[in-house]
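Dropping the structures in below, format is structure tokens.
You will see chain A twice below: alongside chain B first, and alongside chain C after that.
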Partner chain A sequence: MGRIALAVGAVAAIVYPIPLQIQGTTYYQTVGFLVLLNAMLGVGWNVIGGWTGQFDFGPQVFFAVGAYTAALLYVKLGVDAWLGLPVAVGAAALICAVLTYPLTRLRGHYFAISTVAIWMIAQPIGSTWEYIGAAQGLFIPVKAHAGVVGSALSLQFSGPTKALGYYYAALVLFAATLALMAWVERSKLGFYFRAIRDDQEAAEGIGIDSRLYKVIARSLTAAVFGGAGVLYAFWALSVFPEQALELNWSTLPIMATVVGGIGRLWGPVLGAAILIPISQIMSTTLGTGPLAGRGIDLIVYGLIIVVIAAFRPTGLLSLPWARWFRRRSATS
Partner chain B sequence: MTELAQAVVNGLQMGFLYALVAVGLTIIWGLMEMINFAHGEFLMLGMFGAWWLSASFRLDPLLAILPIALVMFAFGMLVYQQLMRRVQGGDPFTQIFATIGLLFLLQNAVVAGFTSDYRFVNDTLLQRLGGARLTVLGITFAVPLLLAAGLALLLFLALYLLIERTEFGLALQATSEDRDAARLVGIRPQRMFAVAWGLGAALVAIAGAILVNFFSVYPQVGLPFTVLAYAIVALGGFGSILGTLLAALLVGVIQSVTVVYLPPAFKDAFVFGSYLLIGLLRPQGLFGRF
Partner chain C sequence: MTLLRVEASTKRFGGLLANRDVSLAIEAGEIVGLIGPNGAGKTTLFNCITGYMHPDGGRIVFDGHDVSHTRPERICHLGVARTWQVVRAFGRMTALENVVCGALRRTNRMAEARARAGALLEFTELGGRGDMPAATLTLADKKRLEIARALATRPKLLLLDEAMSGLTPIETAAAVRLVRRIHEELKVTICVVEHVMEVVMPLSHRVVVLDYGVKIADGAPHEVVRDEQVIRAYLGERRAHR
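Entry: the complex of A and B
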């Protein structure tokens, strides 16, 4: 059952943009790109927030670390994005580990505020550091590439295939993240994370070093954010502090995780597939009308989150879908 | 030297305003140990209320304090009874998400109703004193800010007496320490929580009505204050009213002294740097008892 659903989902994700591309529209490929990007971030956030139970409000710092690292390598040294990607992911994970280890002395609310603190400190550094372009940031020039292969190898798509190219690039990174986290979930690491969440003292009692594993969990989250940052930087063709350190890079994935089901591997994926199109579709339907740009999509987000938190805090995936389906097939 | 002393004085004056914003959070978060990420949105509602009363009825923000406080008290109780009561028993993360949802809802409902434009409340009683300055030993005090600081002190004193010296305050403390034991001695915990939310919302809305004399009003004004208020309450030590006041003053001073030496962008970075430093060296906060 699970395997079939996975195969159907994978085929649907791969085929989805093709008829659109033939029709000549590119809009829904971009929506798909944003869904995959936020789903990937949510799957990453789930490690520290869902499995390890630590409220991390500052993962966007590592999104920025990834984006800046790859952009700097490309702009200053001419290193292509795919080569820059592992360096950026490594830098995000390493910087996260160094910053997070002292923070793990704090627990609960205090830890959560300390992650915000790191973000608050990162912002003026980003906007005043001349080497990384200060408030202006870095611009990523588009190079001319020979054909599809050249574009794919350098992660630089342009023209009418830009949206399609980045959609598939996001799909690749998303699938890699999902596969990694599916493995982590069933590995010893995953059990340690959940043991710390459920009862830190008991976990320490059986010899789990809670500080070490919190650092590992947050570094895994940071690695995912760093990777997504690289992709986003090359899509946006620029990195600047207000964009890369934007609060939305944590609130949207967190909301997606909660809506879909916190602590469940597929939770953020379902959440992102619901939330991101709402915003995109609303901005097209409202167009330039009187309610355009009035945050109607965010009102809907707020309502969804409030209702889920009040009535089903474990998320949509935790609803008894299997039972409902069985009943329907039994009655029909 | 005078420049530094002036910066400290300016910081103290700002600190009193921050204290006003943080004190409502001391009750909801510090005392009752419930998370409210929409705290800044309550502040924003208070500021919008003051702006609206001033624009429609030419009511001075200082006189608007009473109606705003009453309405927001009812609103805070409503939020508890309709939303927070449901999520109170569950995982702590549901409180965080419920109030993040509330944040989005309130902020963007105001955007939908009033747009994101910046608004100003002009010609208020406090602003008419705008030119008035007191100069002592070469250090300038702005009279409107001094008056606002006086108001903040009064409010703190009233709250301190309410929490520490009245039967109601003791019941509130008892509820926060042990709900079941409180119920056994005849306190109704849910009512206590509802009143605490009402009180917290009313206090931060009063802060909003005072803040409109000095800050512009727009729907997104709340979040930076929320973030600062959390740092202040944590710095001061959970639930300590005096600690909150002193931490708020400290935060104001850190900000204004930072700006003397570094670009203004760094002022919050140093506040949060201090939070990290103090948090790591003294996890119970500056004035926490445990």
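Entry: the complex of A and C
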């Protein structure tokens, strides 16, 4: 059952943009790209927020670290994005580990506040540091590439296939993230993260170094955010502080995770697949015409999230789907 | 061989002396009962031994290591495991997963950890409950689960903090049997904190009594129950003089 669903989902994700591309539209490929990007971020955030139970509102710092690292390598040294990616992911994880270790002395709300504080400190650094372009940021020039393969190898798509190219690039990174986290969930790490979430003292009593494993958990989250930052930078062709450090890079994935099912591997995926298209539809329908510019789209969007949070705080995946499916197949 | 030696351990909370110059030794292979009225400082002493608190004075030596200022996870590595007065099962994990977490202390291989956890659930008579979320277990089963999780870390010394309080008489009898089996079959040294005398006396080889943070007696159960200071602590001044 699970395997069939996974196979159907994978085929659907691969085939989805092809008819659209043939029709000659690009908009829905971009929506798909944003769904995959936020699903990937949500799967990453789930490690620290869902499994380890530590509320992290500042992972966008590591999104920026990833984006800037890859952009700097490309602009200053001419290193291609795919080569810059592992460096950017490593830098995000390493910087996160160094910054997070002292924070692990804090618990609950205080830990959450401290993650926000680090994000606030990152903003003036980003907007004043000349080497990384200060408030102007960095522009990523598009080089000429020989055909589709050249574009794919350098993560630089342009023209009518730009949206399609980045959709598949996002699909690859998303799938890699999901596969990694599926393994983490079943490994010693996954057990230790959840033990710390459920009872930190008891976890320490059976030999779990809570500070070390919190650092590992947040660094895994940071690695995913760093990787997503690279992808976004090359899609946007620029990196600047207001964009890379935008609060939405944490709020959207967190909302997707909570709506879909916090602490469940597929929760953020379901959440992103629902919330991102709704947000796009809201802004294209309610955000235009006579009501434009009044934020009606955001109000409706917010209400949907409030309704789910109020009636099913453990997320849509926690609904008894298996039982409903069994009943349906029994009656038919 | 002395497994644990507490040397003049003192723990202060502001103006309150929770432990004052408490000294005791636990030999390998013993079952030691640690008793005393509510607020006598039993749990504080447990917390100091297991690294959740650090004594303000004195020393705690386990298996040749000074652990007075060591963190709990290190002390677990050295071979001390504990259970909690108020149960601390990992509520959102299944019973089996709880024990797997303990077993992962001694192995990184999931299959091995699962096998060991399954065996310990059988040992603690929780065999049929492996897939249940720990939060849904009864109090008696949660306490057994905590014991199984602690045993999974392969301790040399197991500290049970009121493992039998709040249980029905039948459950208590089963818990006493379990403690005996841990001692006999797994060869684990055990220290039990209880304030129920009827449970501790038949179970323990030796009993240590705390009152107002001070050790007032240490000896065989039948000696301790006749000790005048112990009677006074439990029953009050008038009874002691009869």
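Going forward, the second predicted complex is superposed on the first by the 327 of 332 C-alpha atoms of A that agree within 3 Å, B and C clash if a C-alpha of one lies under 4 Å from a C-alpha of the other, contacts with A are read in each partner's own complex, and residues count from 1 in each chain.
Simple rule for what comes next: a contact is a pair of C-beta atoms (placed from the backbone, for glycine too) under 8 Å apart; a residue touches a chain by one contact, two chains touch by 3 or more.
Since this is a predicted model, take the numbers as computed values, not measurements.
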Clash or fit, chain B versus chain C on superposed chain A: fit
Winner by number of chain A residues touched, once chain B and chain C are compared: B
Chain B versus chain C as contact partner of A:Ala12, first or second or both or neither: neither
Partner chain in contact with A:Ile4 - chain B first, chain C second, else both or neither: neither
Touched partner set for A:Gly207, first chain B, second chain C, both or neither: second
First (chain B), second (chain C), both or neither touched by A:Thr128: first
Partner chain in contact with A:Ala322 - chain B first, chain C second, else both or neither: neither
First (chain B), second (chain C), both or neither touched by A:Leu106: first
Partner chain(s) touched by A:Met255 [first = chain B, second = chain C, both, neither]: first
Partner chain(s) touched by A:Ala309 [first = chain B, second = chain C, both, neither]: first
Superposed arrangement (fit on chain A Cα atoms) - minimum chain B/chain C Cα distance in Å: 11
Chain A positions touched by chain B in one structure and by chain C in the second: none
Residues of chain A touching chain B in the complex: 49, 53, 55, 102-103, 105-106, 108-110, 112-114, 116-118, 120-121, 123-125, 127-128, 247, 251, 254-255, 258, 262, 291, 294-296, 298-299, 301-311, 313
Chain C - residues contacting chain A, complex: 50-52, 71-73, 76-77, 81-82, 84, 88-93, 97, 100-102, 104-105, 108, 110, 113, 146, 149-150, 152-153
Interface residues, chain B side, partner chain A - complex: 29, 35, 83, 86-87, 90-98, 100-109, 111-112, 115-116, 219, 223, 227, 230-231, 234, 263, 265-266, 268-269, 271-273, 275-276, 279-280, 283
Residues of chain A touching chain C in the complex: 186-188, 191-192, 194-195, 197-199, 201-210, 263
